[in-house]
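Just so it is clear, A, B, C and D label the chains in written order, and each chain counts residues from 1 on its own.
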Amino acid sequence: MAEGLAIMTSGGDAAGMNPAIKCAVEYAAAKGYKPFLVYDGLRGLIDDRIVEANRELVSGILHRGGTILRSSRSQRFFDINFRRQAYENLKRRGISKLIVIGGDGSFRALNQFYADFGVPFAGIPATIDNDIAGTDYCLGVDTALNMIRQSVDSIRDTASSFSRAFVIEVMGRHCGYLALTSALSCGAEICLVPELEYDLNAIGARLKHEIDNEGRGYIIAIVAEGVKMSDYLTRWIKDSLEMDARLTVLGHVQRGGSPTVLDRIMAYKFAVAAVEALDAGETNAIMVYRDGTYGHLPIHTVVDSKYKLDPALIRLGAPLGR
Amino acid sequence: MAEGLAIMTSGGDAAGMNPAIKCAVEYAAAKGYKPFLVYDGLRGLIDDRIVEANRELVSGILHRGGTILRSSRSQRFFDINFRRQAYENLKRRGISKLIVIGGDGSFRALNQFYADFGVPFAGIPATIDNDIAGTDYCLGVDTALNMIRQSVDSIRDTASSFSRAFVIEVMGRHCGYLALTSALSCGAEICLVPELEYDLNAIGARLKHEIDNEGRGYIIAIVAEGVKMSDYLTRWIKDSLEMDARLTVLGHVQRGGSPTVLDRIMAYKFAVAAVEALDAGETNAIMVYRDGTYGHLPIHTVVDSKYKLDPALIRLGAPLGR
Amino acid sequence: MAEGLAIMTSGGDAAGMNPAIKCAVEYAAAKGYKPFLVYDGLRGLIDDRIVEANRELVSGILHRGGTILRSSRSQRFFDINFRRQAYENLKRRGISKLIVIGGDGSFRALNQFYADFGVPFAGIPATIDNDIAGTDYCLGVDTALNMIRQSVDSIRDTASSFSRAFVIEVMGRHCGYLALTSALSCGAEICLVPELEYDLNAIGARLKHEIDNEGRGYIIAIVAEGVKMSDYLTRWIKDSLEMDARLTVLGHVQRGGSPTVLDRIMAYKFAVAAVEALDAGETNAIMVYRDGTYGHLPIHTVVDSKYKLDPALIRLGAPLGR
Amino acid sequence: MAEGLAIMTSGGDAAGMNPAIKCAVEYAAAKGYKPFLVYDGLRGLIDDRIVEANRELVSGILHRGGTILRSSRSQRFFDINFRRQAYENLKRRGISKLIVIGGDGSFRALNQFYADFGVPFAGIPATIDNDIAGTDYCLGVDTALNMIRQSVDSIRDTASSFSRAFVIEVMGRHCGYLALTSALSCGAEICLVPELEYDLNAIGARLKHEIDNEGRGYIIAIVAEGVKMSDYLTRWIKDSLEMDARLTVLGHVQRGGSPTVLDRIMAYKFAVAAVEALDAGETNAIMVYRDGTYGHLPIHTVVDSKYKLDPALIRLGAPLGR
């Protein structure tokens, strides 16, 4: 009988999860495994929401945002008894391998599950924050960046109609990747992120100079939510630059949208790599893309390091904070 | 020598202004007028930012959001001396007719200008709030509604991945048209607008029932900014429904975007009607679309009435507030 | 026991069918009917692909293009024996009323079905060709127009980079509504439709004049597929105007895409009207929107008349064919 | 006096050209050069359409498709006398360095220009065909792929409504990169490209099997224009698979659209690298991105090699042609 291989999504959802699911199912089947789908993440693992995959279940999902498997956070998974229940669910179906598409927290949870019951897993990094150590890319980032771009471009349409400032808050609790990359690719004048110091006085002086001498008509500012400065910056621009200022908080608009081509291709490559790693006997490996090549790293290398923003990106972005 | 006819935009910008400008220029020229463009709204009228229109100036603008003529608010226009200066600018160029694309405030300002100096104008209603009395449609509304729709659809992609509530704040200081129409067309569960009473207790009871008994997985709430309830509602959902809730404030994303086909067609019809009204000797008429037909109304009928939301829309939307 | 009311889609698919399905189900249930869904159109009626509707089956479909009920053409439905089989399927489930979302052909088929077995139906006009007599609007048209607009706007981006002509073929076998409306709203220089004569010599002379004297840099031509002139016109421009010319055939791109706000609102209004017409005892009525108001017409008024393009639209478009 | 550095676009236009222009201007100025813009490509070089760049000329262009500098093909540039004229235009303005954004043909033309008059240039690869040797990426590719994706996703909406086949012709005269990548990322069933043999009999047998046994409802086929098989394949599907089949020819829709984030970032990196290469005294270097790193290659390495499709891509795509 074919060995069972289950696929699940966990943590915050990200575009690209669906193509990764579809590809993992198809490639696992081609490799001789019997693929399963776990619905509702870790909670579904405990509550046995596990079904055998078939063509119909993963058909027509390539272009859907989010994850058809849904996701969840689960306190119960910290309890060995619930993990045992999850293990029994897998065992009963002959599932001996797992692919989890998600972030650091999910990888840690499955690493503990492996320590307890010896079910090896492969992790596919997926988070729009792009803050997983060891990989240059996490699924969902390109789609999120392009959703932000469309919103900023739309605001820019109207920006030049009036002399006005626009503050746009984007996701990123501890990581300014989305904000900095958006600011650079959309030509923002201000960018505030957790990793970089900023100096409102310097920003004010720079922009006043441009308004007075170079005909600057409007200002676009991009702020990572983790800085908690969106409201303040909006008021500050009104007061200091005497310019009407409006705030946009994009929120979950950034997580949605049909996956871009890059997210689909990355999903494909990561899914194939994950099945192959498991097939080669790897345990607890996290798929990564680094310096233009695909590979995988042991989980500890990934979850024990802190993600650091590319110094080149920081250098480019620094002038937007002063 | 051909009589001069000047076109300007004033007040908040709205998609559809550019196609209206282009069409007014072309149709006025076809009718034998010499068309002019006024840049920067009322301020440009005073400061003489007026140029003769030509093909190149209005070429390639049909699909641009915002207004290439820019807009402004002008305190100086309340002063007769500045209005006289504006009048001299027009007179010097042989401009004896005006088309203004904007809202109530702009119409009133030009009405005063007419009282002073006898320059007749035609008004084209343009505001994404859709709150001008006497017309069922204002330029920019369809584009704004579709920008909101795309954001809500994008959020919906991700909504079903998690059990979660999404609060989306849309424009509308005194008028809930955008919010209500969006809520109905995007299938929201909650909608708060200035014109309608709401009852959080009733909303809470209704949704709790659906969560507990009908498998409701997520909630989408649309709130008009004028209600000033976005932050409160987000926290209230977290506390009362014990569901994670996130806020999106769309802001000027709603004003941008390429004009939809409907906004282009309406722009075309309004622009033709405005030129024809002026050509027929009408003074101070506001173009309107009502019950499926185009026409115009005297300015007093428009600016002296308060816009009222369609009772049918209120009836449909009322259940979303209780 | 509640009376059964079944909803089906038939003929070519159009955006707006899904919101109409969802709304018809919900409103029928609110009116006390037991709603059913017929899958695969007339074929499904014969082959008994009929299921009772529930919240889950119509959940999350508002923003989906196409029709979740699928559609089909069925030769068998012309045979009384197969129609009898369809009737038995309905009878067995207590279904005594039908709503069909589709075009002329579908309405005729159900009219015959009524003549045979007395099952009354209400028709909701849905076809991107907008060629159903008696109504100014058919579901799917606004979405199709905006899909075309996005393609033409995208081509326009690149048009001014080079001196070049672009021929764009859009849908419309016998009806030039899509082509003409697109040409006007996107500012095309040429438009060929079945309803209008065209004169290539005149077109050539007009454009040569503009190229030589007015700095015209590029040409956009929109052609209805029914004219069968796309390939010829592309070659003709190359030969006659000595300008590089490229053809785009949009095909089914026009049928897809998430329904626009207008298509959702129209779907909503038509669905409510259809349920109410059936509930009021109407038989074989087609929902229509005319001169700004909603109503319904007897089927013969609709299918026995030939749709005629709005003379105003023809007048506006005529100059693009000479 | 500052040394002049001129920027031009040449050959077919591609999204990403505008951000590259803007960034090259700004970075060249920051490095102490006096930046110039050449309009209309090689033709403009001859006809002296060269202006000094300033903030206003490159403002608000980041999000525009196409190229604001326009492009052209020029037979005259093959003539030494016209090249001399071009040289005099540059010399008169103190322009001693050139950046050309375009493809192989443009690079060769400027290489000859260098041989004649010693004006060094840096080339930035830009072509949606992605067929320049030595670099993994050319500007415009990601935007083109995502334009194709949106069209295919839109067709997919409607595909499952009917049992039907859709043939989509995409750009690519000699290179199947766009077609293959689109086919893989959009989940097509058939893909025909110039680099791969195909076997219609095998394709027919495979799909018939899936239709008969696995419930396949629809077919999506992507064909590179260079194969000249779009019309034939459409008829063949109708005849052999007895399935209704429709053709979409995307044409220049693929070249348009606002540049994606990736195209903006690549534009930025290439533009900085080009200025730095010229500043470091490099002559006739082509910027490349390979295996995850940026660099440049001598022009001969690039234009004397034939671009070869990535073998991995060929391997993945091969099953779609049999």
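We adopt the following convention: a contact is a pair of C-beta atoms (placed from the backbone, for glycine too) under 8 Å apart; a residue touches a chain by one contact, two chains touch by 3 or more.
Computed from a predicted model, the values in this text were never measured in an experiment.
Any chain touching chain C that also touches chain D would appear here, but none does. Chain copies chain A and chain B are related through a rotation whose angle, from the C-alpha fit, is 180° to the nearest 5.
When chain centres are defined as mean Cα coordinates, C lies farthest from chain A. Per-chain CA centroids place chain A at a distance of 36 Å from chain B. Remark: chain A and chain D have CA centroids separated by 29 Å (rounded to whole angstrom). We define each chain's centre as the mean of its Cα atoms; on that basis chain B and chain D are separated by 39 Å. In chain A, the residues that touch at least two other chains are 153, 156, 160.
Listed by label, the pairs of touching chains are A-B, A-D, B-C, C-D.
Note for the complex: chain A touches chain D at residues 19, 22, 55-56, 60, 62-63, 136, 142, 145-146, 149-150, 153, 156, 160, 181-182, 184-187, 214-215, 258, 260-262, 264-265, 268, 290-293. Of all the residues in chain B, the ones that touch chain A in their complex are 9, 13, 15, 64-67, 70-72, 147, 151, 153-163, 166, 168, 246-253, 255-257.
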